[in-house]
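I have placed the structure first, in the form of structure tokens, so that the comments after it can refer back to it.
We just call them A, B, C, D, E and F in the order they show up, numbering each chain from 1.
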Amino acid sequence: MAIRISGRNQLPGKVIELVLGDIMAQVVVQVGEFVVEAVITRRSAEQMGLKVGDEVSVLVKATEAMVIKEMP
Amino acid sequence: MAIRISGRNQLPGKVIELVLGDIMAQVVVQVGEFVVEAVITRRSAEQMGLKVGDEVSVLVKATEAMVIKEMP
Amino acid sequence: MAIRISGRNQLPGKVIELVLGDIMAQVVVQVGEFVVEAVITRRSAEQMGLKVGDEVSVLVKATEAMVIKEMP
Amino acid sequence: MAIRISGRNQLPGKVIELVLGDIMAQVVVQVGEFVVEAVITRRSAEQMGLKVGDEVSVLVKATEAMVIKEMP
Amino acid sequence: MAIRISGRNQLPGKVIELVLGDIMAQVVVQVGEFVVEAVITRRSAEQMGLKVGDEVSVLVKATEAMVIKEMP
Amino acid sequence: MAIRISGRNQLPGKVIELVLGDIMAQVVVQVGEFVVEAVITRRSAEQMGLKVGDEVSVLVKATEAMVIKEMP
């Protein structure tokens, strides 16, 4: 049974760094040529058994994304 | 004078689609091999003169990103 | 292959109302005794074939949730 | 004088766990049959005098909620 | 009975513009010398009876705010 | 080369407090007569060389802002 998530951005990559804090955890993911960072709860990072080398996707809702443009 | 934004994720790409709604606007950006979508206000899209072909960056705060992992 | 999403809140329920706008869509979900609303992109609602009666889960990152307390 | 908050989701429940970190605090709330988690600032948790057993509501803006659907 | 909301930013001001879309509504608020904009659901705007001239507060969770700094 | 960010709210002010946590950092900014708080990653605070007295802007996407109204 596959699931579908409404979040428009699901970027596949590999965990290259994981920093566990008291409440939060910083997850650094190599997504193709890009580095993308997520801050999730430590509890989720542990329950997911997250570790460097894991294949993951970074999920971002489109309404959470802004656009930056260089103006001439 | 350069500026620095605290948002960890600033993904450079090119606008490949722009849909203007009444209040919101959907911006589809080719970021390397990935397609990333942002939903911003129509007003901002217009004031930025956004159009297909524009070089932009998609800005996402790390706290807005979740992680998905396939579990064995 | 199961997947695991870092978002702490995944509330199971049934779609009881779906309103499609130009860019966004309002999804109203009966979650046990509660009604929970999500605003997602219309495009996602359509690609997911969302309709009233669908069994779904509402996904909310814990950092997106605030707490309200009545003070004596 | 009552107040009205635009956030669509205000889920009433009872604090069942509170973890104070250096900057953030994890608040776990029993909302009917569901457990809902919020990550707020430690400062707010302290200023609200939050403690296990408190009656609270978890406030979530509809635009922050995603939808997950199992696809056949 | 007063209530306390964990969101760190509650900026008092007056509605100076309200644009109702199909799903969303754009609310422009004069907050002292600043103009602050919120995009909420149309349904909430209507249920709150929002109109130009209303005294309101704009609520923003601290985790949703980024910082921009000019670098020399 | 100027840049334009789609986020509707860019509030100029001065850093009056900075608290560095393990993963996150709390940034308190005097914005005219108001105090506005942002929680960003510690890594960004350090890379930006943030310190009390810095002139900054607080960036908030309009979709992240809610509205509170006192009802008669």
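In this section, a residue touches a chain if its C-beta (ideal position, glycine included) is under 8 Å from a C-beta of that chain, and two chains touch if they have at least 3 such contacts.
Note that the structure is a prediction, hence the values are computed from the model and not measured.
Engineer: Going by the contact rule set out at the top, which chains touch both chain B and chain C?
Structural biologist: A, E
Engineer: Name the pair in B-E, D-E or A-B that forms the same interface as B-C; by residue number, over half of the contact pairs must coincide.
Structural biologist: Selected pair, repeating B-C: B-E.
Engineer: Between C-E and E-F, which chain pair is linked by the larger number of C-beta contacts?
Structural biologist: E-F
Engineer: Indicate the whole-number Å distance between the mean C-alpha point of chain D and the mean C-alpha point of chain F.
Structural biologist: Taking the average C-alpha coordinate of chain D and of chain F, the gap between them is 22 Å.
Engineer: Per the centroid of Cα atoms for each chain, what is the distance between chain B and chain F, given in Å?
Structural biologist: Spacing between the chain centres: roughly 20 Å.
Engineer: Take the average of all CA coordinates in chain C, do the same for chain D, and state the distance between these two points in whole angstrom.
Structural biologist: 15
Engineer: Indicate the residues of chain F shared as contacts by at least two other chains.
Structural biologist: Answer for chain F, listing residues that touch two or more other chains: 3-8, 21-24, 26, 37-41, 43-45, 48, 59, 61-64, 66-71.
Engineer: Who touches whom among the chains?
Structural biologist: A-B, A-C, A-D, A-F, B-C, B-E, B-F, C-D, C-E, D-E, D-F, E-F
Engineer: Can you check the complex and tell me which residues of chain E touch chain F?
Structural biologist: Within the complex, chain E contacts chain F at residues 5, 7-11, 26-27, 29, 31-34, 36-40, 44-45, 48-50, 54-71.
Engineer: Show which residues of chain E lie in contact with chain D when the two form their complex.
Structural biologist: Against chain D, the touching part of chain E is residues 3-8, 38-41, 43-45, 47-48, 59, 61-63.
Engineer: Inside the complex, what are the residues of chain F that reach chain A?
Structural biologist: My answer: residues 1-7, 21-24, 41, 43, 59, 61, 63.
Engineer: For a test of understanding, state which residues of chain D touch chain A in their complex under the given definition.
Structural biologist: 19, 21-26, 37, 39, 63-64, 66-72
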